[in-house]
Amino acid sequence: MEFLVDVRVALPAEMEAQQRAALLAAELQRGRELVAAGHISGIWRIPGALRNVAIWQARDATELHELIASLPLFPWIAADVTALATHPLNAD
Amino acid sequence: MEFLVDVRVALPAEMEAQQRAALLAAELQRGRELVAAGHISGIWRIPGALRNVAIWQARDATELHELIASLPLFPWIAADVTALATHPLNAD
Amino acid sequence: MEFLVDVRVALPAEMEAQQRAALLAAELQRGRELVAAGHISGIWRIPGALRNVAIWQARDATELHELIASLPLFPWIAADVTALATHPLNAD
Amino acid sequence: MEFLVDVRVALPAEMEAQQRAALLAAELQRGRELVAAGHISGIWRIPGALRNVAIWQARDATELHELIASLPLFPWIAADVTALATHPLNAD
Amino acid sequence: MEFLVDVRVALPAEMEAQQRAALLAAELQRGRELVAAGHISGIWRIPGALRNVAIWQARDATELHELIASLPLFPWIAADVTALATHPLNAD
Amino acid sequence: MEFLVDVRVALPAEMEAQQRAALLAAELQRGRELVAAGHISGIWRIPGALRNVAIWQARDATELHELIASLPLFPWIAADVTALATHPLNAD
Amino acid sequence: MEFLVDVRVALPAEMEAQQRAALLAAELQRGRELVAAGHISGIWRIPGALRNVAIWQARDATELHELIASLPLFPWIAADVTALATHPLNAD
Amino acid sequence: MEFLVDVRVALPAEMEAQQRAALLAAELQRGRELVAAGHISGIWRIPGALRNVAIWQARDATELHELIASLPLFPWIAADVTALATHPLNAD
Amino acid sequence: MEFLVDVRVALPAEMEAQQRAALLAAELQRGRELVAAGHISGIWRIPGALRNVAIWQARDATELHELIASLPLFPWIAADVTALATHPLNAD
Amino acid sequence: MEFLVDVRVALPAEMEAQQRAALLAAELQRGRELVAAGHISGIWRIPGALRNVAIWQARDATELHELIASLPLFPWIAADVTALATHPLNAD
């Protein structure tokens, strides 16, 4: 099943540059794994902030939660999840 | 998969009593079928309005949409859908 | 450039069934053209309502507006447009 | 009487891992007691966050408040409570 | 049990004066019955609109819904219901 | 004059237990004085949070502000004040 | 006592010009009376809409409601009322 | 003085095509006059709707209101006005 | 030109009493200067919080910003500014 | 392509004056470069806060994000981006 997930990251401005860089690098690495495993099939940045929208693929909402919770930035993330249904234009 | 669906019905106040009664009766009948088929496993009224919250069961969001769209009141309905994941307390 | 467009359709409940069906058929036909022309690269239904989210491709916001305004349902549509930037995971 | 309770937990990201784990374990334990006592009859996780919705059973809102306030995570919780009425589909 | 109910009435401005007056008179009459029966123990007008807040008494949310739905203005009403718990200052 | 006051208390979760208990005890004591003086004629807890709604009596908004500002928890409080008018059902 | 009242007028666009002009003239006339009687001590238009903010003077919220309800445009008005307290800068 | 004005037009979908076209033509004509007179110094369409944002120039809010109210579409318009101050980057 | 300015002050609850008192005294002193200079022609406290609404007079939004930024509490302030136009009732 | 960008800066009130001044000076310097390069074609301050709206020019949303992220205040900024289409009044 597919989900639209809108992820906003709220890293505190005063976080040390090194910790910040390490977290962002780990996040990118975990993201690559999720793309490779087919769990993220499309992802875009919302300009002007640390925020992205992506199309996630998971068996159900339970697996989806585990995938999002596996992100290194999870404690700093606010994620809005929207379940997606097939649209007639895609189902042709 | 389970979904929390919050349904608000906005029938115009000036609708004829007969049409209103017929629609509500048809809605109740369709609701009974959805309960019998296991698609609605729990449903509650939000007091003070024509509004309910229910736990729906569907293969995925595509089937869920078809089920909601099968309601006779669908053209007058605003429905908010939330995908539900298993909670550790239920998975024990 | 890519845009996330969230389209909600508000057809009045009392619209005649024939006009409604004709409008929805014309909308689907125009949608197929936009998909074929590469202007819509992904589209999903939000369950529970006449609402969809889609990834649109256009030279710029001016062309995007013309494409959305070409939809037969445009007078009944509320559309939220979000400009999308490339995400590092896609740019790899 | 039944209530729909939407619980969002806001643990600070910088909380020590040990305190966090202890709190979450105590919360799970208290949750099991509430399920066993029949005060929580259904509970689901909202994917993407530390958030759940549940159906609570209590004599009245006063008892419900005491039950929610007994959660170890109560100081970090924002809870929205909705009183639930019987729906005709359940009352059949 | 007690509930705080916030009632906003949205009568269309173009309703005939006679129908409007009859509805408001019937509403007042039904209100007097609810006060006499102890279902409304306090009621105040929010200035500037057809809106009131009141403390309602009912066995549970199911009875409360029936009481609100018995108002002649119910089809034009939007009601927000908040379940109330005993406060230590009142429980002394 | 009467006012509906909705008070939400936001004590930081990490406040020391002793300071917290002392503040809450002082708040309860000041509340008892306000009840005894007739300034609070009804008060209820909103379940699930440190939040209450109450009917306050004061000469005018200036006195009301002084009364609310006299609460020991005032620096942690967000209060919404609604001026109340007499309702025909009460004025009978 | 003083109140800040924010009044938005929602006349339907299709109202006949004559009825519209008559209503607006009556509203202006009633406004002049309220100014002359000292019930409106300051009034400003919010640019871009049929909307104003004003400082109203009334014994209490009950009288204020009667004054606002006496406006010819009352059935088309949405009014937000804020009770005002004396500010130290004015009380000097 | 400069103002940012966000204008949303809500023409009813069922308006006759001829009336609609006439109104939009008159609006465009009045817009050209406002541009020529220097009252609109920049204007952009928000894609996906009948909506624009523009930089308006007026002596003060009183003149601005008269300019906006002179638009043929004024009865169907919702306009949000933001007063603009000089930014140091422009004042260099 | 006149502006309606809604000022909410968010001093942290844990600020030292001495710093708090000094800031509030300085704010009151600066407020007196602004009143004396004719920049604030009316000011009221919103009861229940550190919040006020006032009518400010300034040449334009640029001067208004400088006046607000001159307040000692400016770093803790959230201010909403509304440009005000002359109302026909005042212009008589 | 053009974008309307609404930037709100949330510097903590307790930041040291020297760091604050250095950041604001660096921000102004970077802003001058963006103006000189034609990336910001108009910018205004929203009075009463550290907030501005500006018209930005960029190839696409990806370049726009890089430009905004190059601001020294980026970690303290919340930016809302709106894609802008050509308006008929500008395209004449």
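Order of writing sets the chain letters: A, B, C, D, E, F, G, H, I and J. Residues in each chain are counted from 1.
Keep in mind that, in the parts below, contacts are C-beta pairs under 8 Å (C-beta built on N, C-alpha and C of every residue); 3 or more make two chains touch, one makes a residue touch a chain.
Just so we're clear, the structure is a prediction, and the values are computed from it rather than from any experiment.
Trainee: In this assembly, which chains make contact with chain B and also with chain I?
Mentor: Intersection of chain B and chain I contact lists gives nothing.
Trainee: Count the C-beta contact pairs for E-G and for B-D, then tell me which is higher.
Mentor: Between E-G and B-D, the larger count of C-beta pairs in contact belongs to B-D.
Trainee: Distance-wise, how many Å sit between the C-alpha centres of chain F and chain J, to the nearest whole number?
Mentor: Averaging C-alpha atoms per chain gives centres 42 Å apart.
Trainee: Taking the mean of the C-alpha atoms as each chain's centre, how many Å separate chain E from chain F?
Mentor: 24
Trainee: Taking each residue of chain H in turn, which ones touch at least two of the other chains?
Mentor: Residues 2-3, 45-47, 61-62, 64-65, 81-86 of chain H touch two or more partner chains.
Trainee: Can you list every touching chain pair?
Mentor: Here the touching pairs of chains are A-B, A-C, A-D, A-J, B-C, B-D, B-E, C-H, C-J, D-E, D-F, E-F, E-G, F-G, F-I, G-H, G-I, H-I, H-J, I-J.
Trainee: Note which residues of chain J are touching chain C in the complex, please.
Mentor: By the definition above, chain J touches chain C via 1-3, 60-62, 64-65, 81-86.
Trainee: In the complex of these two chains, what residues of chain J are touching chain I?
Mentor: 11, 13, 45-49
Trainee: In their shared complex, at which residues does chain G touch chain E?
Mentor: 3, 5, 61-62, 64-65, 68, 75-81
Trainee: Under the definition above, what is the set of chain J residues touching chain H in their complex?
Mentor: 2, 4, 28, 31-32, 35, 40, 42-47, 52-55, 82-90, 92
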